[in-house]
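Some structures to go through are shown next.
You will see two complexes here that share chain A, one where it goes with chain B and one where it goes with chain C.
And then the complex of A and B:
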């Protein structure tokens, strides 16, 4: 009996997923069919696109030669609104989300509290900022207050969810050690849990500050104040140089916030 | 003289009661909180200088009024929403696809271990990523509707441009975290730079790549539901139209459809992620 079998002389890389050839064929066919269908629904009007390219060029020019001066008072007002809105909304959002985050941690609270807190988190996370803003503008009237409430509400879902997940993953031995000294629930929270999650909570708050500023540039489009309102007006008036200036300011502030918060986080840890 | 282990500036007496922090740390902490509160109050006052508190006091009444108008949602409107919903899904999917295709080269140019030039090309790639990340897709859509005209195309391009930054950032971090030993092993066989990329780096980042793409698709579904507010197609157009004519029961229906879509997409992406991981 000979042990010789024919091996392929060249090594071929095995497929990474879907090892069965038929399945691969079916999936590839389905993807292709979807792409054809989806592309068909796009309905591109090329004449309009060509017409728009000139406008696009003007926008790029405006971006390269931004005009900070002629609408400066509007931009300043929008920026002040955005920045104050961002800070107050983050502070209030964190203050509200800390108890909700603690309530959403399965290892700390009884099941009913857990259910309620996780529901609040789910509701806050599933609604888009801009949709909340539409309703809050209808309720509170135009202006930064509506934006402040929107951002606070959106911050709750974000921070409370991540905080709750973080508390669930803490080292249980530290809790046990503190509890063994006869500590009550509040003392366990203060001495065993807070030191473990505090660096992360600070990091999350700074990150949310950054997100809130970016969002504040958007919710102005539906009337909730801030730099977004100024930007919307500039684009509506076809003042692309002012719009470019606003976008550049937003990008620079976001970059500064990102570098600042990463520096601050390193400093705190 | 015997060497001593006690540092020269050690206190001679200790407090009887253990405290969590030293007095200096406590003072710094209180000062920090005070500064934060002061900043908050100041910002609050600047922000609300022009607020009409009459409207705010009226808000609960307005909310109740709006709620009563929205309920019950108009179910007859549901069939009309199916075509825009399909458009929304297409915006998200095609936008994610376009964004991922553009983000992959950017990510390889931005990663420290694969970039051709750390001094010249890497900062440019990072700038592309930051620019794309700091501008929300709604603002991209606002610009693109002005340039390309209203319609799905503006939405797709807006989603794609916004996705570059997100996918690019997470992907280049994944590339930087790859195991250098595998790259070394492949280059020891005499592989060229392109082969190193193909056989050592790509297989390592592939799981992360799929997870990132799916995650972004999930986010894009959310974002594409509102792009219609500025004219970029999808279900948001219907939302805007219904709000403009104050057809609140229709608004309620649209919101429910959006909520259902978001939940389904979240479920789908979670399932797929489990399957491929």
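And then the complex of A and C:
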């Protein structure tokens, strides 16, 4: 019985998509050629780049010597506006997204409700904050109202989607047990589902609060009020030292929100 | 009293889980339901409180046919049927007290359960039940802070808080160690005796079933193949229920378990000495 099978000593991972070597060569070559041509078509004006570098240097200098005082009243007003906008938009966003998130959980609601809620979520998520802001500034005019509505709308997509996904992943045995006691739909929701998703909902809301603050700085640039508007004005006036001060304040506030929310979440688990 | 008449269940996938199941459980009787996994034990008890809808047949609890009742009547009927689960199925982040009081959800309006303002009588009864299962001082703890055996005791208290006319018990000891399993099983028997309560207990541990049950029904592939006293459950019948080879393997496993347990007890005793 010396009939031993010889096994290969080399193994290569089989290609997934293009099994023919020649085809792989052609496709790879085409991608490379397109990349080279595309780079060639970019019209880079090197003198402008050098000029820009000088401006960039002034910007960095401004950052290193931030000026908090000369525009303080503008900065203060912008900050208050931004913080107000952030807080109100997050609260309104959470209030609206809870029912939508519940409606978007397949294990809780009939198919038509699920479809409607998931559509609302998809619409809210597909529009970027800046696009909504531009549209709403055109509608409501410049100022924090447009910002507030923008952030509320964007929060709905974010929180409702993550809440709905979380509800779909809860432990079904706890729900079954509460249902078996003769509890109604609202009681099942309150006793079996809410305790399972509450820590996550609070965590998401806190996270959204600091996303909204950061976004408020961005959408202010397109006219939706808040600290972004102040930042935009400072940059337009070439006051990079004030702009640097504003950016530093934004960074500090986001950091505080980060530490604050992780501290809070530790209590909730 | 519970009576099943020609109960059938066929799932949408075409799998027949129950075929022509009929039996009567009189007051105060604790009936063990044994059978290999996939025999339909779990489906059977879930049909009774309609967590699963049966395909045909009648389920009579008193005068009501549970298979026919509509949505709101079903809620009212579920209140009368307490259920105890394999992995306890407590709401982990709620307190022990809230878990016990959740047995009253079918009796109170939503606003009362939402604000946790349960009637005084319900609260008094919940404390009494917690005392009965030996967990009075744990009332304010969160359910996930308890051990497995303690959690199952909360599960029992929750089912009893419903003041049920029937108890459905799904593999109550599957995730417990042998000693705790016997304590839990004894507790279930005692509370049923105290209340003259009929119960159906799904159980995969045959020796445990023989030790505690008043009566045993054996299911194989959705059909009743044995119905009698634990004493009548001999090797031939068990071979019939589980298939001869599987039963021999299960028995050997059980004997090994028992030998290991006895050995462990002896060693602990030696160390203690």
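The rule is simple: the second predicted complex is superposed on the first by the 231 of 269 C-alpha atoms of A that agree within 3 Å, B and C clash if a C-alpha of one lies under 4 Å from a C-alpha of the other, contacts with A are read in each partner's own complex, and residues count from 1 in each chain.
Note that contacts are C-beta pairs under 8 Å (C-beta built on N, C-alpha and C of every residue); 3 or more make two chains touch, one makes a residue touch a chain.
The shown structure was predicted, so the numbers you read here are calculated from the model rather than taken from an experiment.
Chemist: Touch check for A:183: first (chain B), second (chain C), both, or neither?
Modeler: In the superposed model, A:183 contacts chain C only, not chain B.
Chemist: Looking at A:80, would you say it contacts chain B, chain C, both, or neither? Reply first, second, both or neither.
Modeler: After superposition on chain A, A:80 lies in contact with chain B alone.
Chemist: Based on the superposed arrangement, let me know which partner A:198 touches: chain B (first), chain C (second), both, or neither?
Modeler: After superposition on chain A, A:198 lies in contact with chain C alone.
Chemist: Which partner does A:174 contact after superposing on A: first (chain B), second (chain C), both, neither?
Modeler: So A:174 only meets chain C here.
Chemist: Taking the superposition on A as described, I'd like to know which of chain B and chain C A:233 touches: first, second, both or neither.
Modeler: neither
Chemist: Can you tell me whether chain B or chain C touches more residues on chain A?
Modeler: Here the partner covering more residues of chain A is B.
Chemist: Would you please give the residues of chain A that touch chain B in one complex and also touch chain C in the other complex?
Modeler: Looking at chain A, the two contact sets intersect at 191.
Chemist: Touching residues of chain B toward chain A in the complex: what are they?
Modeler: Listed in rising order, the residues are 20, 36, 39-40, 43-44, 46-48, 50-52, 55-56, 59, 62-63, 66, 86-87, 90, 93-94, 130-131, 133-136, 138-139, 142-143, 146-149, 151-153, 156, 203, 206, 222-223, 225-226, 229-230, 239, 243, 255, 258-259, 262-263, 276.
Chemist: Show which residues of chain A lie in contact with chain C when the two form their complex.
Modeler: Touch list, chain A to chain C: 171, 173-174, 176-184, 186-187, 190-192, 195-196, 198-199.
Chemist: Which bits of chain A are touching chain B when the two form their complex?
Modeler: 16-17, 34, 38-39, 41-45, 48-49, 51-53, 55-56, 59, 80-81, 83-85, 87-88, 91, 126-128, 130-131, 134-135, 138-141, 143-145, 148, 191, 214-215, 217-218, 221-222, 228, 231-232, 235, 238, 243, 247, 250-251, 254-255, 258
Chemist: Can you tell me which positions in chain C touch chain A when the two form their complex?
Modeler: It is residues 49, 51, 75-79, 81, 83, 85, 87, 89-94, 98, 102-107, 110, 113-114, 155, 158, 162 of chain C that touch chain A.
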